[in-house]
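Chain nomenclature is as follows: A, B, C and D, assigned in order of appearance, with residue numbering initiated at 1 for each chain independently.
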Amino acid sequence: MSAFTPADDAFAERVRASFGRQKFMSMIGARLVRVEPGHVQIELPYRDDLSQQHRFIHGGVTAAIADSAGGYAAFSLFPADATILTVEFKLNLLAPAEGQTFVATGKALRSGRTLTVCNLEVAAVADGVTTICATGLQTLMCLRGRPDAPPGT
Amino acid sequence: MSAFTPADDAFAERVRASFGRQKFMSMIGARLVRVEPGHVQIELPYRDDLSQQHRFIHGGVTAAIADSAGGYAAFSLFPADATILTVEFKLNLLAPAEGQTFVATGKALRSGRTLTVCNLEVAAVADGVTTICATGLQTLMCLRGRPDAPPGT
Amino acid sequence: MSAFTPADDAFAERVRASFGRQKFMSMIGARLVRVEPGHVQIELPYRDDLSQQHRFIHGGVTAAIADSAGGYAAFSLFPADATILTVEFKLNLLAPAEGQTFVATGKALRSGRTLTVCNLEVAAVADGVTTICATGLQTLMCLRGRPDAPPGT
Amino acid sequence: MSAFTPADDAFAERVRASFGRQKFMSMIGARLVRVEPGHVQIELPYRDDLSQQHRFIHGGVTAAIADSAGGYAAFSLFPADATILTVEFKLNLLAPAEGQTFVATGKALRSGRTLTVCNLEVAAVADGVTTICATGLQTLMCLRGRPDAPPGT
């Protein structure tokens, strides 16, 4: 159960529509698997073209799914007419991103009028065993009265 | 001029070979444009499939080229028989990653036996005008006696 | 219950002795209130001379008790002959540090041979109500064969 | 020369007055030594009661002077009727804080209407030799129409 009440009842539709506009997420094969108020999960199957020199998932890909999971956890709590900006994030890479599936979880810790702070976690699932491979913190900004979609879309 | 003396004369070849093994870098179209001791630059042309919902480059892609630039800045100072691990990084996104070309710069600030700390910066070039769109700090670990290439390659 | 097994049975004595050598902790009035393997809490009563311009506890004091809590959470898992170094930490200040008592909690998330990563949290207790005022992540290094006390003590 | 134009001509007086209200800064013996638009330095002489277990300056004290230096670098660019909040900061401790004098420098990298991002650096001066002992990044928030001094002062 979430501790947060969304400002907009249609939060899940807004999150899914915005995620659908992130071409990078669909390009790497990431998909939204959980959308609750202040709590979002993204799943990414392993792909060889997402790897670094040791054949693990590249740290930037780990960061990308963590950034989007936290961003949408924050965005789910925003009013309907707002868009979002990642101010900053920090990620500790705890273990190699080795496995068949990667699950990024973003959870809002504090949601204010302007800034939201999220906890980030990325888990690797290898042969059914789950290992936390990254943990992080992220600060996001709510921009009111600014559409989330680019003009002309 | 760099303040660091590389432990291995063939540092540039090692950096280029390792970067060449990062399939994610070639997949997104990133390439190494500068390899000096403790100072590496990566260039990435804009591509629509690297974008987030506002059509700017996704924060995870910005993080990916910054992580690789800092990682290879550190790796350039390592002995020949060592590989590298990103321990953690933090990125402040200062401006939208909007433009035709993105340049990530990693510079070693301190290089110790085990840990190296790098400064990260990503610049966006839009119609000839350069804007710093991200700045960060990164901690990297030197693993001696461990090959940088995966077994069997 | 802790998920970590300490390398040294006398971990609590080592933590208390080292904390006792941190003159800054005793100067500000901080004391250890919990020492378990990978889990340490420090309590600090409010004092006017620890404040910033709004009369809340200074962010640096919040950082100091968080840094020591995380440092000793890591140190509790180290072998008897090792000392510790904070590599880096990041703190999000979620709410003003306003209250009569502040409790910093450090918890190890991952403890490796060389590096330990801790979660940091600082809570403010004001008139019996507890508010999380800071959350953070910290990376610590284990230095084996190096005494924790300075020479001649 | 600074790249920033202050919004308020009396910025230096405002910075000095606010710093004067930070009781923690005067308690540890820190003083402002440089106040330019977006660029502030704080000096701290070594004192035994500011030390950790190795007799170096405690990481929290290093963080405190870095946090205040960056905070006032940002505050120097704010309009006259605004106060400031540290949103978050990250610090890499590059070398032991060992010496007779410590100099924290905060420099604004980007100053927006709501958020300012600063670079942080702490140098240790030991027998005339300067060593960078910490580097960091900090995000600050401008709160307009809110006095920097607490009520009744």
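Quick note on the criterion: a residue touches a chain if its C-beta (ideal position, glycine included) is under 8 Å from a C-beta of that chain, and two chains touch if they have at least 3 such contacts.
This is a predicted model, so every value here is computed, not measured.
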Does B-D or C-D have the larger number of C-beta pairs in contact? C-D
Taking each chain's centre as the mean of its CA atoms, which one is most distant from chain A? D
Measure off the straight-line distance from the CA centroid of chain A to the CA centroid of chain D, and report it in whole Å. 33
Need the CA-centroid distance for the pair chain C / chain D, whole Å please. 22
Between chain B and chain D, what distance separates the C-alpha centroids? Give it in angstrom. 30
If I count partner chains per residue in chain B, which residues reach a count of at least 2? 87-88, 90, 92, 117, 137, 139
Chain A - residues contacting chain B, complex: 18-19, 21-25, 27, 48-55, 58-61, 63-68, 71, 83, 85-93, 148-150
Please name which positions on chain C make contact with chain A in the complex. 90, 92, 94-95, 109-110, 117, 119, 132, 135-137, 139
Where on chain A does chain D make contact in their complex? 87-88, 90, 114-115, 117, 137, 139, 141
